[in-house]
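Look for subunit A in each of the two complexes below; its partner is subunit B in the first and subunit C in the second.
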Partner chain A sequence: MMKTLIIHEMQNLLKSKRIYWTILLFLMLFTSIFVVRVVDYQNQLNQYIADEKDADEALQAAKNYSQIKQYAIQQPLIFSIYNQGHKYSRAAFIQYYEPILRTTSLNEEANLYFNKDNKLDITFLVTFFLSLFILLISYDSINGEKQSGTLRIMMTYPVKRQSFILKKILGIFSFVALAFSLPYLVSLLILIIVYANLLTTSFFLSAFFYWLLILLFIFFFSLLGVLISILTKSPNRSLVFALFVWLLLSIILPITWEYIMSPQLFHQELNNLTLTYEKKLEHSKNIFYLREVDANKYNVNEIDINKVTHLNWSNYFYDTSVWSFDEAYDQHYRFMQYVIDEYYPASREVEQAIDGLYRKQISVQNYKNGVFFFNPIVLFENLSTKIAGNSQLDYLKLLHNAREIRDELVNRGINEGWLKDYRFFACYSEKENHGKYNDLVKRFNGDHEKLWDYLMARIYEPKEAFEFSLPDLHKYSQNQLSFGEIFSRIFPYLVLFVVNIIVLWLIIWFKFMNYDIR
Partner chain B sequence: MLKISKLSKRYEDAHLALDNLSLEIKPKEIFILLGANGAGKSTTINIICGFIPPSSGEVEIDGVLLSKEPLKIREKIAYLSENVMLYDNFTGYQNLKFFAQLAGKKVDKDELEAILLKIGLQDSFFHKPIAKYSKGMRQKVGIAIALFKDTPVFLLDEPFSGLDPKAAYDFQQLLYSLRDDGKTIFMSTHDIFRAKEMADNVGIMTGGKLVAYKTKAELENADLNKIYLDYIEERQ
Partner chain C sequence: MNSVLFIKDLKLILKDLKFQMFFIILVILFILSAISSSVSYKNLSSDFQADYKAHVDMVNDGQSTSMMGMLTDYWVIVAKPADPSLLFSNYNTYPDKISTAISFYEPRFFNYGTEQGEVFSLNWYFILGILSGFIMLVISFEAISAEKRFGTLRLLSIYGVKRQDIMWHKYLSYMLLYLIIIIPPALVSMLLFFALTGTWSMIYMAKFALILLLSIPFASFFIVLGILISMSKNYRNSIVLIVFIWLLFVIIIPQSAYVIARQIRPLKTNTEYHQEGIEAFNNEFEKWGEQYNSSVYGNGSLEDGLRAKAVYAAGEKKSLVSQEELKDSKQQTRLIQKIASMSPFYQLEMISEIIFDKGYYLLQYQEETAKQTISQIKNLMIEQDSHDNTSLHLFYRWASADQYALNGMLFPFSKEKFNHPELLFVTNVETDKVGTKALSIILRLLPILLLNIITFMLAAVKLERLDIR
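Moving on to the complex of A and B:
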């Protein structure tokens, strides 16, 4: 009997033009978003591959320690096609004398369709459109049958009210679940074929949990639509009511929340901290910038070229010529002493403060889940990022991993002594003899540009005096979510979801048992 | 046998729609309930069908009590309303098939089509959506659905409404044959002439009360129209 009822309900839905067009529109949206996201992912992947290649090449080409740059490059998550998550950034490169983590891709290009803040993905499709579609399918499920009279004739058959309401709910649920699952499975199949070698267990776990969550989401909205249909007398009224509920859940409440909680999200505080960070950098730059060196005390013409050196760590810190090796070495030593004693601890403090703010933001986000425990859209959005592994927490993990790599190298530099050693930027060779500056000027016929190029070339040439071998560096490794990890992340909210469904179910049950079917 | 004992219905707004109605309709009987709008005819059928609960009283069909086994009662009744209610997106055949399945009948295509033919639906319409049917055609499918359910009691609420004279005549003959097969037929109508022509017994309701009960013999030489109007006016 139940099977007959459910199949009948699904057939009834399928025969309705309104629903036919709704589903067709949904499938078109799904396909468009999926295709665009795959293209976007491919771009990200290309950038990632280019980043990795560049990073490796830069490392191999390094001629002294100062040229070693480590990168913590996160491989773009395939699952971001379905759920883009918190941050678009996926790479952090680290400079240990300038302890900043730059969270950007080396080869980042403006994406045609999606910028950093745009989160148009399958999750958006589900929360924004699918929720609307389910309500459009179900808003008149009960009062429509009452109005057309089929409810009455049905109730002259040995069909329990419970069975009838189950038929409605399960019919709508099965229909929408099928309408979503089919393109979803096809899209997964496409990814499996196209990116077979990149797929991990973590991806399949995410895909499975995501699907499970969407089924719960569909079930919740099917119940909601049926309840709206029971609570309102005519289909016209329930359409208005359903649209209002949808607006409330998907737009009004989340936007109101953002408006009220925005000051609590510490954006300003974060900006101030970042500013402090920048100022510290600026300060150290001013202290140690070598323009403070008194060049007048040297007689340029008499300078021993062999003792001219050039410090060029980063354009950001100092980039100048120093008129004697001793001077340069001394300058570097004092600078690194400052960096190690003052700058590193201070910058770590700033990092900790920024982390603290991130954690506060995460707790505000979790608080949002608590406040909107009844709103499946908020719950689903948040749970998706937890499942996909691209939540704010995951972004923090990326930063931590990157910092660990940085700290490891910095500590090596300190312990092995090269961070303060002249070999850090070694470009000096006592074996080479270039004579006096004047001699060089004559050699280049007064062409200072050529002379400069010659000097610069010397800086980057490997020097016999310093035998540099690439240290064995710790590489960034991708975080893979396990079943237990995903489950423990989503469990509390999954319980909320299920409790919501049960409560809604009970309300429907109670209301329909006393429903006037005439 | 359909037995109604001291059935009353008072709505939440305190309106007494049915007042202590008692009736006994036997197999092989066509009972027709006459009454103006709001007399309580539909309330009676609504209670028997289980659409609304009675405030007091009982309905019994073949020994099964509505208050005890409402689902079992539904196995014993077939209901046909003035405006037949069907799934517009489905064809006449699909509607019949669905309700036959609900009634727990074995569904045989030939049998279903035969019954549609029997009630006079053109075979070219069997597989067209109900949305394209005229009111009379819908009524016919409704009759087919009720017939296929094959229950001991038929509850008919203005069943002739929308039928053309030929179809009405055929349906009337069909009801006679059902009666001859031993079915109990409970019909509500405004149509005094058809009531006189068809009924074995007639009840007249006003203000929720059964004010008159006439047998076929009593009606034989009486003017039912006058009797009906007398009761209505008396009530007013």
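Moving on to the complex of A and C:
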């Protein structure tokens, strides 16, 4: 009985011109957005490949340990075709002991004048259009039948009210679910064929959970449409009411959060966190430039910090061991010791401070879910980002991963000894020892220009190469979400979603049992 | 008779629940947009004050505004202070500040990259440009059908009212309704905004009034469209199509413009531009090296400035690449705007840019101003330098190119303070004159007016032929 009723309802829906239009428009939108996103993804993928190549070339060109500079580059997620999520540059630059605070862009196409990302993706289509389309299909499901009199006829048959309303809801739900699932599955199939070698289990997991969420979403809106239809007398009125509810849920509530509530509620806290971060950053810089440090401990008075940093980091002196006069090695050793003891911990603190800020931003997003627990559009938007693996949480994960790589590199440098000795910046096996720097200065009668020329000339003189081979470096492993991880991320909000649906269902049940069908 | 009809229509609409519902929504949104805009006004003006303070500090410091210092560290900033037009839209799509080095022409845009990609924002543009169309559509989509259902349409025709008159009165009463639901809350919003920010300005009041006036044709299009579909048999079904038209015009076309433009006119990646710049620099420098027998390498002699000349020439080639990057970006931006303008509703945004002097419209004039200011400063600097006995009177651009000379202890250029520090921070940007502005506004209004006339005529023809039984 149930089956025939649902099939009947679906056939009924198919015959309606309104449904025909709706489905056609939906398919058109789905296809065009999908194509746009795939093209965009292909762009990103090409850029990623160029990124990897550039980073690898730079690394292979390293002639000594100081030139080992890595990137942790995240591969663009295929699932971002469906959900763009939180946007960030993909590459984290890894330098010895420098704090990793944000990602950078390597190969990116950026318009200098116009800077607006579009939000068109399948998630936008679902939250914005699909919700409207479901309401437009279902707003007259009960009162329309009442108006045309079929409801009364139906009730004269031995059909229970329960099964009638169930049939209505399930009919609309399965119709829309089918209308969405078919293009969704086709699009997945296309991706599987085109990007076969890039797919991972986490992509399929994301796809599965996304589909599940969308089914819940469709179910919620089918219930909402039916409820509106029960609560209002005429289809005209319920149409207006449905549009009103849609406007409220999809646009007005989210923007009031974005522009009124969120800035008011968290402005102070976020400001404080930003201030803390800036203070720590300032502090670490002060340490780096020896402004806040115990002078005696490292013989700081003898370190000409500008000379040392210049010596190590300036582009000119990457290729050289001309600084093979005695105090250069000595200064380098003391400088590194000092950096590891003092600057390294300070820069870690900076990292912790900015992580605190990022975490607060994430918790603000979660708070939004809590405030709009009744709004499936907000819930869906947030959850799909968590599922896709391009949320702010994943951004944080990328940073952490990059920091781990850096820490390992530094530890290795300390253990193997090259971080603090001449090997760190040596390039050529310079046998000649210049003696002391001051002697050199005396040799040129204090003429810095000539001294400079002398040193520069050493750089360009071909020398026997210093033996250096790139050590096996710990590489960035792409972020893969496991079933458990996705589930634990979305579980509380999934419960909220289901509770919403149950509550709505109960209201409909109660209302329809007392519905005046005349 | 006619006025009776008109008043009857109006009374009917005013009693309507949906009208009351949407009116309340509009009132709330207008008030909220005043509050949120005042918050962003405060933030932006404090940002501007901070910029200005940094500039004043630099000037007082004296180090950076010495003519030597200016060559290395100083930038000319062309910025726009926050103004009440924020209530209409915040335009974080475009950079809000231009900064240009004195030595080479390479403008840099500031506050670039803050956009989070929100589709909707809470301000007047959202209400007038996006929401009001939807609301007018929902209010008017049963204009004729309701009359038909109650039989009043038949009654009217018995009384000898012309169908054209019915159409006109419907249309006018909805237009009046639009004014009723928009103007009072907009006034409240405007006054609230002025009160919250303390920026009472008659000019901006007039500008706001003008933009309200100019939004009428955009609302009117949806009213006529609503009346048109209310005559179709299955008007509840046609609402799907109409909502789709609204989505297409208001959201899909403007949103997808960027994606399409990027495919049609792609830019190179930032790394490619960067590398091209470096290559251009190196090639030119090597040419000089070959020509002058390598004496451009090293530091050369400061007096003949050979190395500096070479660096400057190479730098000029490099800046050509960055200018090309700017040109490409500009062309892409124009294309984006062209595609978005296929939706007549995007024109409202463009019109508001002209009225309030902001966005991309202003940016082009800011760039022009930056160029002019730079050349003015250059001339002044050369003149001032010529009076200084300690200066080597090197043409300052070569001096600026020679980092060694600047970093070292030599003074190829005057160390005196620059006499016109006020030129370094520009807020006055001249845009078009009122007449030109009015003309371009009218041109931008044409498509929507045309659409209005066409749909109105279609509706009138349809009403003539309508079976009113």
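Following the convention adopted for this analysis, the second predicted complex is superposed on the first by the 359 of 518 C-alpha atoms of A that agree within 3 Å, B and C clash if a C-alpha of one lies under 4 Å from a C-alpha of the other, contacts with A are read in each partner's own complex, and residues count from 1 in each chain.
Definition applied: contacts are C-beta pairs under 8 Å (C-beta built on N, C-alpha and C of every residue); 3 or more make two chains touch, one makes a residue touch a chain.
Remember, predicted model here, so these are calculated numbers, not experimental data.
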When the two structures are overlaid on chain A, which partner does A:P158 contact: first (subunit B), second (subunit C), both, or neither? first
On the A-aligned overlay, A:V39 touches which partner chain: subunit B = first, subunit C = second, or both, or neither? second
First (subunit B), second (subunit C), both or neither: which does A:S148 touch? first
Now for A:E258: first (subunit B), second (subunit C), both, or neither, which partner does it touch? second
Please indicate which partner A:L247 is in contact with in the superposed arrangement: first for subunit B, second for subunit C, both, or neither. second
Just checking: does A:S16 make contact with subunit B only, subunit C only, both, or neither of them? Give me first, second, both or neither. both
Once the shared chain is lined up, is A:V498 touching subunit B (first), subunit C (second), both, or neither of them? neither
Thinking of the overlay built on chain A, is A:R518 touched by subunit B (first), by subunit C (second), by both, or by neither? first
In this superposition, which partner touches a larger number of subunit A residues, subunit B or subunit C? C
After superposition on chain A, the subunit A residues reached by both subunit B and subunit C are 16
Taking the complex as given, what residues does subunit A use to touch subunit B? 1, 4-5, 8, 11-12, 15-16, 148-150, 152-160, 516-518
How about subunit C: which of its residues touch subunit A in the complex? 17-18, 21-22, 25, 29, 32, 35-36, 39, 92-95, 109, 112-113, 115, 117-122, 126, 131, 134, 138, 142, 146, 234, 236-237, 239-241, 243-244, 247, 251-252, 255-256, 258-259, 262-263, 266-272, 298-299, 325-326, 329-330, 332-333, 336, 360, 363, 408
For subunit A, which residues are in contact with subunit C within the complex? 16-18, 21-22, 25, 29, 32, 36, 39-40, 47, 50, 54, 87, 105-120, 124, 128-129, 132-133, 136, 140, 235-237, 239-240, 243-244, 247-248, 251-252, 254-256, 258-260, 263, 449, 452-453, 456
Across the complex, what residues on subunit B touch subunit A? 46, 49-52, 71-72, 74-75, 77-79, 81, 83-90, 98-99, 101-104, 129, 145, 149, 155
